[in-house]
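Down below are the structures I want you to see.
Two complexes are shown next, each including subunit A; its partner changes from subunit B in the first to subunit C in the second.
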Partner chain A sequence: MIEPLISLQFLGSNGIYRPGDELHAEYQIDAVEADELQAVELSVLWFTEGKGDEDLAVHYFERRVPADADEHDLRRLHRFKTILPNSPLSYTGEILKIRWCGRVRIFLRRGKELFFDQPFELRAPADDSNHKGGAA
Partner chain B sequence: MAPRFRFLGKKRGERRTGSRIVGSVGEAIFFGLLFLLGAIALTALVSAEIINPAASIYRPGFGFWLAVTVLSSSVFIGGAGVILTVLRVGVSAERRSAIVQRAADLDLIQDALPSQKDYPAIPREANLVNSPGVNLAYRLPVFKSSAWKLPAMTVLALVATAFAVALLVISFESWFFGEPEWVLMLFAVPYIICSVWTVNYIVRTVWVNSRIGPTCVEISDLPLRPGHEYAIFLSQGGRISLAGLQMLLVCEEESTYSQGTDIRTETKVVYEEPVFERGSILIEPGIPLEMRESLLIPADAMHSFQSNHNSLRWKLVVAGKPESRPKFVRNFPIVVYPNVNGH
Partner chain C sequence: MTGQQPEASSSNSLPPTNPFSTSAVRPGALDYRFPADDSCELLVGRLRDHAWWGEVVGPHGSGKSTLLHSLHEPLRNAGRRVAHVTLTSGQRRLPVATGEMAAWDADTQLIVDGIEQLSWWQGRKLKRICRRQGCGLLVTAHVSFGLPTIMTTHPTVERTRQLVSELLPAAAAESVSAEDIADAFARHDGNVREVFFDLYDRYESRARDS
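Entry: the complex of A and B
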């Protein structure tokens, strides 16, 4: 059986944002029958990586069910936008990393779930170096 | 002028006239002796019963268990007394009272609030800005990172001393009865070394704490932002000669993780730069050392961060090295905010 294809794309950006920027994006789902899709969740979130247990916080979230979509088809291209917060900024430390991403999670019949992450960076104004080890 | 040492003092409520240090040392010696005598007598009593159970005077009976209870009480009271005395060193009655009052006034709802809405995942700065300074805008709160060390060392000293005393008493008894337990004597050596080392550490630390007065750090502005420069004022009181004194700007990452059933925490210093350094300083009573310096937050510094299992913390560390004594360290947490448009 072919796995459903999930695509998420940031519009008008190279994947680098500043605090207060508006993030425009669109997502689409393919290779699956419309009636197979029970729900789709979209999140813009940050999470931690590294030595410690993972922490995660959602900045923007929307959940759509077939009743919310045109012709009850959740596969169709869907756009969204959100204003990004002041913090936390993306960070690559020694035992701690902070990552931002857009995540689309789909819920299929028989309880199956799939998700796709599209990473992006939230950087301080006029900072193209990325933060490393407390200070670059 | 009041004499430096008085044999008699007056008690005025919780307050006493006379030297607090002399009182504390006397208290520690009293409880330490009680602990030692109790440990020696208890060990002698129990070991004699184990080594020579036939001796009629040591046959277990009501008297034996009463003696064990009384001697155990001496060990417990002596040990607890030493720990409490050490815990009280350097903490005034006013400060203890203020801590109790603050705990009583703690607003649990306020404490449960999430991080600031405008700056998610950055620790709140309420405790930083609620204390105005005398010379600069804000006085930074102090956090003693090694506050747990002294009580832990005291417990270790008591345990090591108890084991050392017990093993020595049994060894000497066996030697006295003509059957020396050489292995037991050898076994006591590490405990004796540990006991001497920890007692030496406690004495040195208490000495340093009694000589070093309050450290006060004030800052010209808050919150701190990368690339900005701030004025810093340091005041160090006490009665001590320092080989060196420095202030460091430190950033550390801290991660908490589960390993099996254990919860472990790892800390990594990722940035450490001196704000200033001074050599050979003499601090006299009533004349605190005062310095005004500038603090530059690196332009590419990561902001402070706090989540459930991970954090990134900035702090100012004041470290002094008394001549021929262990160094003292005082930490002043600060919060660095990210630069955003318009700041």
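Entry: the complex of A and C
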């Protein structure tokens, strides 16, 4: 059986943002019947990675059910935007890393869930020689 | 506590930067590696034979918690409703509300990871409550808690190598050698959790040097 396809794309950005930038993105779901989708959740979050305990916090969240979508079809392209916070900045240390991502989680009938993560970086202004993020 | 789980779940989460990160090696992220003559299904069968009471005994870092997580799905397939409690250092009482215990019944499979954290009295009380409610009780411990032992965990270098090969992405397969694993396994007396910590450092160090 083919797994549903989830795509999430940041718009007008190379995936590097500064604090206060507006992140614009869109997501879409394919390879699944519309009536299979019970809900879709979108999160913009950071999490830690490393040797010790893990931490995670959600910066932006929205949940949509069929009643919220055009023609009750959650598969269709959906756009969202959020202003990114001042911290925590993306960080790559030896024992701890901080990573940011957009996450789309879909809820199917019979309790099945899938999610897709798209990473991005939140860098301090001094670090952003490649910065092409959203407008501040 | 772990209540009713979704039927199935899948994900495309970001691969960890270091394959030995906690997110990749924590219980539930890795499947337990059974010896060739054993399996989850056989273990669930042994538990059923003992009226759903049993214990998994083994030293620190031998995979007891990982094994318990691997048992969730087979237990649910066997009609058990899994309630999972993990006790951490110094937790002398079961962190479960009385009302929640009252809902346990013959279909409930209580799993307590780290039962030796409970005081002797609280351990006895837990057995009494489970007997009264008619629910199953599966525990892990470093030494026997007095339940039927359904498994004793004994990590081996070979099974640890298999786990490491699953963790390493193909592009980084050469970054940790068989000797690295054998060396870490020996230095940590077969504590696989410590072996993963050790390999995390080696991987990090080599990634920075390259």
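What we mean here is this: the second predicted complex is superposed on the first by the 127 of 136 C-alpha atoms of A that agree within 3 Å, B and C clash if a C-alpha of one lies under 4 Å from a C-alpha of the other, contacts with A are read in each partner's own complex, and residues count from 1 in each chain.
Note that in this section a contact is a pair of C-beta atoms (placed from the backbone, for glycine too) under 8 Å apart; a residue touches a chain by one contact, two chains touch by 3 or more.
No experiment lies behind these values; they were computed from the predicted model shown.
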Judging by the criteria at the top, classify the pair subunit B and subunit C on subunit A as clash or fit.
fit
What is the contact status of A:113 with respect to subunit B (first) and subunit C (second): first, second, both, or neither?
second
May I ask you to decide whether A:125 touches subunit B, subunit C, both, or neither, giving the answer as first, second, both or neither?
first
Which holds for A:51: it touches subunit B only (first), subunit C only (second), both, or neither?
both
So, A:6: does it touch subunit B (first), subunit C (second), both, or neither?
second
Report for A:24: first if it touches subunit B alone, second if subunit C alone, otherwise both or neither.
neither
State whether A:99 touches subunit B only (first), subunit C only (second), both chains, or neither.
second
Larger contact residue set on subunit A - subunit B or subunit C
B
Where subunit B and subunit C come nearest after superposition, their Cα distance in Å:
5
Report, in rising order, the residues of subunit A that make contact with subunit B in one complex and with subunit C in the other.
50-54, 94-95
Quick check: in the complex, which residue numbers of subunit C touch subunit A?
5-14, 16-18, 20-23, 197, 200-201, 204, 208
Per the touch rule, the subunit A residues reaching subunit C in their complex are 3, 6, 49-54, 92, 94-95, 97, 99, 101, 110-117, 119
Touching subunit B in the complex: which residues of subunit A?
18-20, 46, 48, 50-55, 57, 59, 85-89, 91, 93-96, 98, 124-125, 127, 129, 131, 133-136
Per the touch rule above, subunit B residues touching subunit A in the complex are 118-122, 226, 251-258, 266, 268, 270-271, 298, 300-303, 305, 307-310, 312, 337-341
